[in-house]
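What follows is a pair of complexes built around chain A, which joins chain B in one and chain C in the other.
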Partner chain A sequence: MKVVTGVVGNDIHVVANRLIELSLDARGFEVFNLGVNTYLEEFFDAAVETQADVLLISSLNGEAEGWAREVKLLKSKYNTLDDIIMVIGGNLVVGTASADEIVPRYKKYGFDLVFHQVDLNTGLDTLEMYIKQRDVK
Partner chain B sequence: MSLLQEEREIILNNEFIDPFDFAEVEEFVKNANEELFISHHFAKKEKMLVQPRGGFPTYEKQFALNEFFVEANVDVLPLTIDSNTRLNDYTTARKMLQLSEESEHDMLNGYPLVTHGYKATRQMITHFKKPVSLRHGTPDARLLIEVAIASGIFEIEGGPITYLLPYSKNFPLDKAFLYWKYVEKVCANYSKLNLPINRESFGPLTATLVPPSITIVIQLLEMLLSLEEGVKSFSVSFSQTGSMNQDIVMGSVMRKMAKFYAQEIDCADATINLVYHQWMGAFPTDKKFAQQLINMSTVIASMVGADKIITKTKEEASGIPTKEANAETVANTQYTLRILNGLPNITDKEEEEILTMEVKAIMEAVFNDSADTLWRKVFNSIKNGIIDVPFSPHIINHNEMITMRDANKNIRIIKRGNVPIPDRCFEYEKSQCDLGKSNTSIVNDIIHDIGIMQ
Partner chain C sequence: MKNKLSIDIGSTYFKVATDSSIEQHFRDFNKDILDDLTHKCATTIEKFKKEDIYICSSANGGLSTLIIGLSNSFSLKYATNIAFNSGINIIETLIHQNIEEYSIPSSLIDVVIIVGGIDSASGLFGDSLYSYLEKLNYSNIVFVGSNTDALTLEKNIKNLVVLPNIIDNKLHIVEEHLKTYLTNLYQLDIEGKEDIKNLYAITANQIYSTPYVVNKTLAFIDANFSVVNPFILIDIGGATTDIHYSKDLVDENIVTRNEYDRLVFKKLGVYKSKESLIFAAQSNEFTYELLTHLKVTENIFEQTSEKATKVLMQLAVFLVLCKMSHYKKAYINLKLNSINSIVLTGGITKVLSDAEVENIISFFYIKILNSKHKPKIVMDYNYDIWTLGIKNLKE
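Moving on to the complex of A and B:
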């Protein structure tokens, strides 16, 4: 399983990004980490280039929503990304809001899995489960 | 005219600053009061110097902060620069300063020194008659340090590696080396006129599980790059690791190695100081706990025998501290230092030996690079992973090294990547850790190890 990951926008929070890379690696994923300060185009380009199965975007400083709004439009310009699993996690809003509010909103933006202030391992367990269920289908 | 002087005239001729009067500035430095030079206070060796952190956008607020610090018996005043100035965006800095002056709301996270200019800032600095340390994070600090020295700031923090690898994703490292060469040369030249201007490296780096060997090697290399340009006073530094023993060992080895390598390049006449940063990782949100942590850091700094300590505040977890909280830490730290007497002498020979071997092996690998100058050797060594900084966001950094804490919270290397850690040392480091678990639980341990003080 190939995963492209990175932190979206002008966000330089590197610690979690590196931990995500280590955790994915420990779970047997092949990881392509674009690091901090990554733009949406770079994510999609890398997903095409690596033929990734999963695109895992993370965000901490609250910028995610501004970028997430453009995901569907941008993704539709690429013709090989229809099956990619879209994941976003971290602290997904500026200020505070409940997950009940945020998750549906981000699903509408085009994400299959949304983790707002969810523990890293819980998130990755959910991702693995999601992959398994999808493969059964 | 020398090439350096030509470059200086280009750097100092721009629309963001007042006309720069080279002769007047030289005259000012030549006659500056010795109290403004931290090198003078280091030479007195009376006590560990206490320096807080802090910078506000407006002149008035910065002045008020300094008044609070002086009231709290500060030894060294900080001047922390805002992030626009750090990135050479003087237009935005000017706009945000204007907005900050028009309202009570601060629109900058530090003092925009270039925008205020040296004439105004010099008035403030000569008024307080305390040494000032420039804290920034700028890859291209050429204009900033010119304005700083002209203002009477005679300590400049930073360096091409320590101000780049923790802070930037893709600013070109080779350019940073050249820009910092300019800084060293200007500091060296001014040092001939009066007491030496002190340069200080930023040892905390990413403040996230950086192993002592990497910290020391980078401190030594920035020291050498500075001394070879003629700087005569230099501070190596590091931040609290989480293990008191490791701090003491690191301080001791760093001091010895700094002296050794300075001698190797015939710069034994330079003064080398040791600076200790109170805990630089994630802080507890509970202010009482934060205060305890700060106090413990001061005790460890004393055990390390640091020449200067840089303080945190109880408000660290919640953002930029108020001047009251900041001054409180200074007063508390001075109190702790005053009552902390009769410290025991602790050395750990085995740990010192292992760490010294690691440092020497990495340094040798850097020197053995085929490039013709030191900065190019260092550049190549970072590029090929001989130097690898855990949790650096920069694209040039290898990110192959993995570290975690042992049972005593010492930072240990469990994967060395391309860093030439000798086999014997590597086996020792790994033997201290419990590596029999699954990879996933090791990652959980690392997450835990980062947040130990929270």
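Moving on to the complex of A and C:
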């Protein structure tokens, strides 16, 4: 299964990005890591070029929300991305807010799975479960 | 390079250089290049054997390409980069999924490039591509995308050349194969021109393209000039303007082995492309301020005086820098505030003085970049960059 990942926007948290890549790799995913400071369009373009199954966006400085608002509109411009699993994780807010507040917001923006301040392995377990359930359907 | 003769055939002038001297002549467009050359430089040429004469040319103006890719950030970007670096002019870039929305260019395209997908991706291109190509008028077509799709495309597109993918499995660029293909095509085009073919009557050596020769010089440019990296080299000719730039000046996700890249502005020259240069100037909102700064009026565009040529040259420098800056979103934006040297070569060095060039460059930095940055200006008065390049090709 192919995953495109990277850190969105003006965010240079490279260590977290590398850890995500290594963890995905260890779980048998084929990973395309776009690194830090990645624009939204680059994520979708990479998904087209690789025929990725999952797009996993991470953010640590909390600015992801500004970018996430554009996700639905931008994704709708691509003909081949209807089935891609959209995942976002990390620290998804500037300041403080609970996951109960944040998760529904990001789901409205077009994400299937949202992990706000969730441990990486827990998040990836949930992703694997989600993929299994979707395959059964 | 003892006892060798180097000749450069441009669209407007030709230059002939021996070990000790260099002469430049305006071309007579009513004559074949060889006739014109032998008429004006017979005594010089006669002193050299065919084996000792080296010729390069930019007189064909380059090839045209249309690129069809899957995405702006990867396939189109990579193919565009390789095409520019091979001296090819980009006519159009199309996203495959929207191909039906694009109009068909009326002119003949020298080479169509189809690109997209890593090797494991498949079924990326469909009938819409084939019907678009049926309506398109082109001479060559090459596929440099997913090798899983190559066979299907080969079956559906006549005379398709298939080369290794320019996108590797980490989404990085692989330049080599497409670059070699395009460079050879460009070289064949130069050699195929009747005017150029005739030049083999006086040389036993391969005729190269001039931009290729200049690009080869950049790595050892400091042998002849006190140039400080990073630098850009601007070559303003009669038909086109070339910019060669250090890779350090670009913030891009393209990682290549080349230290220097090249961009060609096909319709920006002071003789053959004068009309389009003036048109570009008139469309630039800073031009009138610039003309006032140079103490001339718009009427200068209708004149053919020495003063008018000087102003056109200054405008060309200004417009080229604009095109490379954030002010005009072009193919690539350079970090112009990080440039330590700007090297100028070509006909411009015969027309403008150091002070005139400095004047226009500082105007650009103040007006467009709001900066007092002053890169060192280096003028290649004696065409040393070209002679250095051709000398190294020989060695």
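The definition used in the following text is that the second predicted complex is superposed on the first by the 137 of 137 C-alpha atoms of A that agree within 3 Å, B and C clash if a C-alpha of one lies under 4 Å from a C-alpha of the other, contacts with A are read in each partner's own complex, and residues count from 1 in each chain.
Just so it is clear, contacts are C-beta pairs under 8 Å (C-beta built on N, C-alpha and C of every residue); 3 or more make two chains touch, one makes a residue touch a chain.
A quick note: this is a predicted structure, and the numbers were derived from the prediction, not measured.
Q: Going by the contact rule set out at the top, does A:Arg27 touch chain B (first), chain C (second), both, or neither?
A: first
Q: In the superposed arrangement, does A:Met86 touch chain B (first), chain C (second), both or neither?
A: Neither chain B nor chain C is touched by A:Met86.
Q: Mind working out whether A:Asn121 is in touch with chain B, chain C, both or neither, as first, second, both or neither?
A: A:Asn121 contacts chain B only, not chain C.
Q: Using the superposition on chain A described above, determine whether A:Ala68 touches chain B (first), chain C (second), both, or neither.
A: Neither partner.
Q: Examine A:Arg18 and indicate which partner it touches, taking first as chain B and second as chain C; both and neither are also allowed.
A: After superposing on A, A:Arg18 lies in contact with chain B but is clear of chain C.
Q: Contacts for A:Glu49 in the overlay, against chain B (first) and chain C (second): which applies, first, second, both or neither?
A: Second partner only.
Q: If we overlay the two complexes on their shared chain A, which of chain B and chain C does A:Leu113 touch? Say first, second, both or neither.
A: In the superposed model, A:Leu113 contacts neither chain B nor chain C.
Q: Where on chain C does chain A make contact in their complex?
A: These residues of chain C touch chain A: 70-75, 97, 116-118, 120-122, 124, 167, 170-171, 253.
Q: Give every residue of chain B touching chain A within the complex, in rising order.
A: Going through chain B, the ones touching chain A are 167, 169-170, 206, 208, 390-393, 395, 399, 402, 438-440, 442-444, 446-447, 450.
Q: Name, in rising order, each residue of chain A that touches chain B in their complex.
A: Per the touch definition, chain A meets chain B at residues 12, 14-15, 17-19, 21-23, 25-27, 35-37, 120-121.
Q: Mind listing the chain A positions that touch chain C in their complex?
A: So the residues of chain A touching chain C come out as 32, 34, 39, 41-42, 44-46, 48-51, 78-80.
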